[in-house]
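Below are two complexes that have chain A in common, paired first with chain B and then with chain C.
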Partner chain A sequence: MFTRTDDKITTAQTVVIISCYMLGSGVLTLPRTLTERVKTADGWISLIVGGLIVLLAGICIVKLCQQYPGKTIYQFVQEIVGSWIGSCLSTLMILYFVAISAFQIRVMAEVTKLYLLEGTPMWVIVMSFMWIGLYLITSGINSMARLFEIILPITIVVLLICMFLSSEIFEIDNIRPVLGEGILPVLRGLRSTVFVFIGYEIMFILPAFMQHPKKGVKAMIIGTSIPLVMYMITYIMVVGALSVDGVVRSTWPTLDLMRSFEITGLLFERFEFFLLVIWIMQIFSTFTITFYAASMGLAQLSKRNIQPIMYGLIPIIFIVALLPKNMNEVFDFGDFIGSVSIYLFGLLPVVLLLITKIFKKGALKEDG
Partner chain B sequence: MWQTIVSYIPDWIVFVQALVLLIVPIIIYFTSKWLQSALGSLTSEGTTTENKSEENTPEDGKAEAEDNAPFTGEYVTDLASIKNRIAKNCDVHFREFTMANGKKAAIIYVEGLYDKELIEVQVMKSLMFDDVEETEKPSDETKITKTYLMNKMLPISEIREALNLQQVVSDILVGSTAMLIDGIVEVLLLGSATGKTRSIEEPLSEGLLRGPRIGFTEILSDNTAILRRHGKNESLELIKFQVGTRAKKDLVVAYMNDIVNSELLEEVKRRIESINMDYLPESGYVEQLIEDNSLSPFQQAQNTERPDRVINSLLEGRVAILLDGSPFALIVPVTFSMLLQSPEDYYERWIPGTLLRMLRFLATFFALFAPALYISFISYHPGLIPTKLVMSIIEARQGVPFPSLIEALIMETSIEILREAGVRLPKPIGPAMGIVGGLIIGDAAVNAGLVSPFLVIVVAVTAISSFAIPSYSAGITLRLLRFLAMFCAAVLGAYGTVLFFLLLFSHLVKLKSFGVPYISPISPYRLDDWKDFIFRLPFKVMKRRPLLMKTKDSDRKK
Partner chain C sequence: MDSMKRYFVFALSILLVLCLTGCWGNKEIEDLSVNVGLALDVGEESELEQELAKEGDSYPKKNLITATLQTVPVLASKNEQQSSTSKSSAMYLNTEETGDSVFQLYRQYSLRRYRPIIGHHLKVIVISSELSRKMDLEKLLKFILRDNDIRPSCLVLISKGKASEALVSSQTGDIPSFHLRSMVENQFRNNKILAPMILTKLDGIMNSGSSFVLQNLVSAKGEVEFAGAGVIKGETNKWIGTLNEHEVEGLTWIKGEIEGGLIKTYDKSGEVLAYEIKSAKTKIKTKVHGNDISFHVSIESDGRLIENWDTSQVPTDDKFLKEAEGYFEEELKEMLHKTIHKMQDVYHVDVAGFGNKLRIQHPKVWKTVKKDWDETFSQSDITYDVKLTITDYGSSSK
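For the complex of A and B:
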C-alpha cells in the first residue's frame, strides 16, 4: 500500500506517547504531594533527581527491549524467567495498567464533578469518557499516537500561558532558601516525584512498535524531559505563588493557583477552565494508553484477538474506578499504585536485564 | 478483614452501569459493522442483477449475435438492419442520396448532436457533386473503395470505421454521423458530437479576487484541454476510463507521471475500475463510490471547479479525476488542511497569505464550537466568564423562556433553513431573502423575547465563519458537526465540549484518504510540510513537494 499498513510509530510519536502518559493527574496534585513530603520549597530538586532516576530505569527498560526486537514485555518476559513466573509478572503488569487507568478516570471524574459539573452523576462522566477512549484505541497505537501529537502541543502551550499569567502573584521568597534544611527533605520527596513520572514503563511495550527501535533511548530521554520541564515550571510557579503552607492545605493546588488571580481586560478573567480542558485531555491520553497496554497484555498472554478484550476490559476498569469511596481513598489508591510501580518497574527491569546479560549471552551470540 | 472487603463490593447498580457500559459499544460496533457491510454489498448486488439480465432469455443472446455480425456490404440489408434497430427514435434521421457516380448512400445522424456544417459542406457536397478531376478518377467507375473515399473524397480529420451493428449504433447515438455506401462493407463514422455547450466561465462556487478566471465546464474534452494548456509539460498524463454499466461515460484520471507515487496511482485506478453503477451523473457519485469510509462525515476527495487548483495538486503529486458531464474535478488524496486552503494564498504575497490561512483556521474553530461554548458557559459555567459580561448576558436573557440549547437550536436551525432557501431562490430574490430572514427575523425574535441578542451575535459569527471556509462541502460537514457539538455541550457542559473535541479528533486520526492520514501534517509530525500548512512561507523556502505524498521527485526546483 501507499502508506504503511503495519501499526508502527515514528520516534517522534514515541516521545509524544511517553510525555502524554507522564503528564497525567500529576499536574494538579504534584505540588501538594511533593510539598507534603519535602516540607520545604526544595521539591524542584527532588523533581530533577526523581526524573533522572526514572530516566535511568527507563533506559534499562529500553536496553532490555532492544534485546528482543519486535516483542513486547508480555512476550519476552516468559523467555527470560520461564513461562510460569513470566505469566505471573505479565498478569501483575496487566493489573497494574488496569489500576492506573481506573485511577486516572476516577481522579478526572472527581475534579470534573467538583469544578465543572456539580450534581452530575459520576457514571455519566465516566461512561462517556470511556466510550470515546474505546473508540480511539480500537484503531491501534498509530491512531493513538497521532491524537497525542495533537494534544501534547496544545497542553504545553496552554500550560505555559497559564503559568506565565500567574507570574503576577509569584514571589521568589516563597521558594527560598534553596536547601535551607539540607539535602534530607529532597530525598524525602523522591518517592512522590517518582510517582508523577509513572509512564516510563510504557517503554516495555512501545519499542515493539517503533520503526527505529535503536532510537529508543533518545525517545526516552526527550520523552522524560518534556514532562520534567513542565512539572518543574508548575511546581515552582505554584509553590512560589501559594507558599509552602498554602500548597499543603489545598487539594488541587494548581487549580487554586489559577483561581487566585484575575486578569482584567482579557476575554477571560480566570484561567482554570483552560487548565481543566488540557488536563482532561491529558487524562484521556493516559487513560487510553494504559487501557491499550492492559488489553495488549491480555491479548498476548491469552493469544487472542485484541478487539474483544478491549470491550471486555471496559466494565472492569469502570468497577475498579468506582471502588474508592471518597477522595482520600482515591489518593491512597494512587499512593499504592505508585509504590507498586516503583517495585514493579524500578527493580524489575534491572533484574531482568541482569538475567539476560548473564544467562542469555550465549544465546544472543548464536543468533547474531 | 472480611468486613472491609465486603464494604468495598459496589452496589448492584454499579454492575448494571458496567453492563450498560459494555453493551452500548458492542451494539454500536455491530451496527457499524452491519452498516459497512450493507454499504459495501451495494456494488456486489449490482453485479448479481446484471448477471441475471445477461442470462435472461435466448432471444437476447440472438440479438447480441446479430449485433456482432459484420455488415454485408449490401446497401439495402445493412440500412434495414440499422433502421430496424434505431429508427424508432424520433431524433435519429436517415438521409439517403445518390452519389455522383450513381451509387446509393445514406447518412445517419442524431438531430442536435451531429456536426451539420461538416456533413453538409465537406461530405455530402463532395460526394454528390463529383468535382474530382477526370485523371484521378478510378478507372473502373463502379469500384470506389473505402481507401479511395478516405484519401481523396472526404476532407475530414475524424473518420473511424465500424464493422458491426453494435459499434455503429452506439456511436450514432452519442453524436457521430454514420455513412453507409453501397458496396463498401465498413460503415464510416464521421466527426463527433457537437451539441450545444456552455462557454467557459468563472467558477461559481470558488470565487477568487486574484487568479485565473477560468473554470471547468461539463465537456470532458474542454476540461482536459484546459489542463493541457497549463504549460508545456510532457509529464502530464491523462488516462481514459469508461464508467457506468448502462450509460457509459468517459472518466479521465490526470497525474504527472514523474511525480505521482505509482502505488497511489494504482490504487486510484483499481478503485475506479471497481465502480459498479448503471449511471454516474456527477463526479459526486464517483467521489462516494471510491471513498475509504462511507460512515465518516468528512469528505475524502476534494472537488473543485478551478483548473489552477487541479494543476497545483498534480504538481504536489496528487491525482485528479474528471468525469464527463461534471464541472467538478476530484482531487485525491485529500487532507483536512487542503480544504481550508485557497489558491489565492499562493497568488498573494506570503504574509497576507499566511494571515488569511490563520484566519480560516480560526473561522473553522468558531464555526464548530462557538454555539457549543455559548451553551456550556451559559448553562453550566457562568462563573468562568468575566463578571461584567455575564451580568449583561444574563440581563439580556432575562425574558427568554427557553434553556440555552433550545434558544440556540431555534436560531441555528432557522439560519440553516435561510441558507438552504437562499441557494434555491432565483438570483434577484436571494439577497432580499437574506435581508428579510437575517435582519428582520433576527431582530423580531430578539424583540419578542424568543432569543437573547447575545446569541444572535454568536449565531451570526458562526454563520459568517462557516462561509469563510473555501470549500463548500467542508462547510456542510462543519455545519452538521456543529449541531452535534451543541448537543454534547447541552448534556455535559464544557466537559461535553472537550469530549466532543476528543471524539472528533479520534475520528479524524483514524480517517485516511487513499492511505494518507486525513489530518497530516499536524500528525504525524512532518515539519517540512508545515511550511505550507497554517503558514504559507515564501516560495524560496518551499522547495520540496509535500512529504506525505511520497512523490517520485521531491524537489520542486531543478
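For the complex of A and C:
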C-alpha cells in the first residue's frame, strides 16, 4: 500500500486543491450551458444556489470521512456497505475519475487546437500534457498541493484582470432584469451549474491526508467559495458583453469575450491567449487530481503499489480522451459525466452517512 | 558495460537535438497577406475577373457576392498583379473575388496571390446596402463568426454605394480599414457616430430578432465619410432604409450613447447658435395599460454655449442664456420628433432600444409582444421632455 506518513497537507492546501479541481474546463463553456437552460440572464443566481447545494453535499462527504480518520472512501466504503457493493462503488468512482481526467484533457486539446496550436496533432498535445501530469502525481499529493498553491493565485489574478478589462464592452442592460421571469429559470439552470462545481467529491479522499481533518468543513466552504465567486464574475461579464442571445451562439463564450476587445497601449493587446494559457494550467490541475484519485482508488482496491498503476492508467485515459469523434460528442460526454456526478456524489454521501448514523457501523468501532 | 551506458546517454542526447528545432512551422509575417478589411458587394465580376474567366478561371458558383479583400503589406515588387481598384502607390492591396461562399472567396485568394491570407487582424467589414437589401446579414457573416482566426471584435459597417469604394483611400500611406476603425473612436467629438457595432454584439442582436442600425458610409473621390445609418429589419436581417445624419443624432440622444458632440440651431434672426454637449443622460420609462404600451423619454444635458453669431447678445446675461437653452431644446425636440417619426411611421422598426427597456421594466409584457415588436412599437405612444442647461460659455464672455 502506498501511503507515505509524511505525505500530509495543510488546511490551506486542502482549500487550494478543492478550488483547483473545481476550476477546470467548465468555465470556458459555463456561460453558454447555463444560459441555454436558464434562457434569461439570471444564471448567476443559479450559480449561488447550485454552489450552496454542492456545499451541502460536500459537507456530508466531509462528515462521513471524519468518521473514518486516515481512510479514503475506497477503504471505508466496504466497511459501510459490505465488500461487494463497496468494491462496485469504488470501481464506479475510479471510472468516474478516469472519465473526468479524460474529458478535461480532451477539452483542453480541442481549445488549444482551435485557438493556439492549429495544426499540432491532437495526440501530441494530449500526450505531452499527460506525461507532465504523471511526473507530478508520482511524487504524491504534497507536491501537487504545492504546485496548486502557485497556480491558483495566478489564475485568480489573471481571470480578474481579463474580466476587468472586458468591462469596456460590458452592458448592464444585458444582465437585467433580475428575476424578470420569476424563480423558475433559476431552478432550470441548477443542473448545468452542478457540472462546474464537480470537484467537491475529492473530499472523499483528501481528509485522509489532512493534518487536521477536523477542519474539513471549513476547507470545503472556502474551497467552494473561491470558484463560486470566479464563476459568477465570469458569467456576469460574459453575458453582459455578449447578451443572452449572443452567448447561446458561441461555442466558447468566455474566450469569445476575450476575443471581442483589444487593449492598445498595454503590455498585451489580446487577452484570449493569456487567459487560455493560464487556463490550461487550471485544466492541468483538474486533470492531475482526477488522475491521482483514480490511480489511488485502483491501488487501494487492488492493494498494490500505486506507481505502476499510474503508468498503467496513461493509455486508458489517452484512449478515453480520444474516443469522442466530434465536438458534439465531447459536449455529450461532459453532460454524461455531469449526470453521473449528481447520482454518484450527490446522493451517495447522504445515503452512506445515513447508513453509518443508523447502524452505528464504523465510527464507534474505529474510534475504539 | 559502463561505456555502453555512456553511448546510450549520448545517443539519447542526440535525439534531444530534434526538439531544438523550435517553431519549424513558423511563417514570417512579411510573407503573409494580413487581411485587414473586407467589403461585400452584390456579385458582379470585375473586368479583370471576366478576363480571367475567359482564360479559364471557372468553378461552379452563383455570382451573388463580390468580396473585396484588403490586405497589407504590399511589397515593392512589380511582379505582383494589382487589381484595378488600388493604385500602385497604395499601402494596401484590394483583391476582388466574385462567387457565393464567403469562405471559398477567401480561399480563392490563394489562387491569385502567393502570400497566404490570415484573418487575425481583420478590423472592419463593410457591406453595401444593395447587397444587404437582397441577402440576410447572417448568411453573409456566418463564416466570419465561425472562423477561429477572425476576431469578433471586428467592426461592421454599411455603405450606401459600393462597399469596395469605402476601402479605397486617396491619401498616400493611409490604410482605409485602419482609418475606418479609428474613426469610430471619434464618438466623443460627434454624436452622429453610433456606438461601434462589433461582431460579438451583432451576433447577439441578430439572434434576438430585433431590428438595429449600422453606421452608414458614403464615399466620393477616394474619401469616405460616416453619414447616417443603415436600418436593418430584425425579422429578415435585411437592409430597409437609411436614417440621415440628423436622425442619427436624434437616435444617439434616445439611446443615451452621447459621449460628446453638439447641437446647432438658429435663433429667430437666423443667426447660428451652437451648444457643446458636456454630459447627457437619457431615461426611458415604459408604461403599460392593458394593451397600450407607451414610453416617456426624458433627456437631461449640461453643456456650453460655444458659438453665437448674434454678437449683440452676451451670455453673461441670464435672460439670453435661458433663451438660448430654449432654442436648443426646441432643436433637440425637433430632432427626436423626426427620428421617432422615421422609426414609427416610415420604417416601422424599433432601432432605439425601446423594446429593450420594456424587456427590463416589464419582462412579462415583453414576452407577449416580443414576436411582433416592431409593429407594436409603431403603434405605441412616445412622449419626451428635454432639459438642457448651459453651464458656461467658455473663455469668451462677450
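Basically, the second predicted complex is superposed on the first by the 356 of 368 C-alpha atoms of A that agree within 3 Å, B and C clash if a C-alpha of one lies under 4 Å from a C-alpha of the other, contacts with A are read in each partner's own complex, and residues count from 1 in each chain.
As a convention for this text, a residue touches a chain if its C-beta (ideal position, glycine included) is under 8 Å from a C-beta of that chain, and two chains touch if they have at least 3 such contacts.
Keep in mind that what you see is a predicted model, and the values were worked out from it rather than measured.
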> A:273 contacts which: chain B (first), chain C (second), both, neither?
Replying inline: first
>> If we overlay the two complexes on their shared chain A, which of chain B and chain C does A:241 touch? Say first, second, both or neither.
In response: second
> Which holds for A:116: it touches chain B only (first), chain C only (second), both, or neither?
Replying inline: first
> When the two structures are overlaid on chain A, which partner does A:177 contact: first (chain B), second (chain C), both, or neither?
Replying inline: second
>> Quick one: is A:124 in contact with chain B, with chain C, with both, or with neither? Answer first, second, both or neither.
In response: first
> Given the superposition on chain A, which partner contacts more residues in chain A: chain B or chain C?
Replying inline: B
>> On the A-aligned overlay, A:314 touches which partner chain: chain B = first, chain C = second, or both, or neither?
In response: first
>> Once chain A of both complexes is superposed, is A:150 in touch with chain B (first), chain C (second), both, or neither?
In response: first
>> Quick check on my understanding: which residues of chain A belong to both its chain B contact set and its chain C contact set?
In response: 270
> Once bound in the complex, which stretches of chain A touch chain C?
Replying inline: 114-115, 118-119, 169, 173, 176-177, 180-181, 241-250, 256-257, 259-262, 270
> Touching chain A in the complex: which residues of chain B?
Replying inline: 8, 10, 14-15, 17-22, 24-26, 29, 261, 263-264, 267, 380-381, 383-387, 492-496, 498-499, 501-503, 505-507, 509-510, 512, 514-517, 519, 522-525, 550
> In the complex of these two chains, what residues of chain A are touching chain B?
Replying inline: 1-3, 10, 12-13, 112, 116-117, 120, 123-125, 127-132, 134-136, 139, 143-147, 149-150, 264, 267-270, 272-273, 276-277, 280-281, 284, 311-312, 314-316, 318-319, 322-323, 325
>> Quick check on the complex: what are the chain C residues that touch chain A?
In response: 25, 145, 148, 151-153, 198-201, 203-205, 207-208, 353, 356, 359-361, 363-364, 367
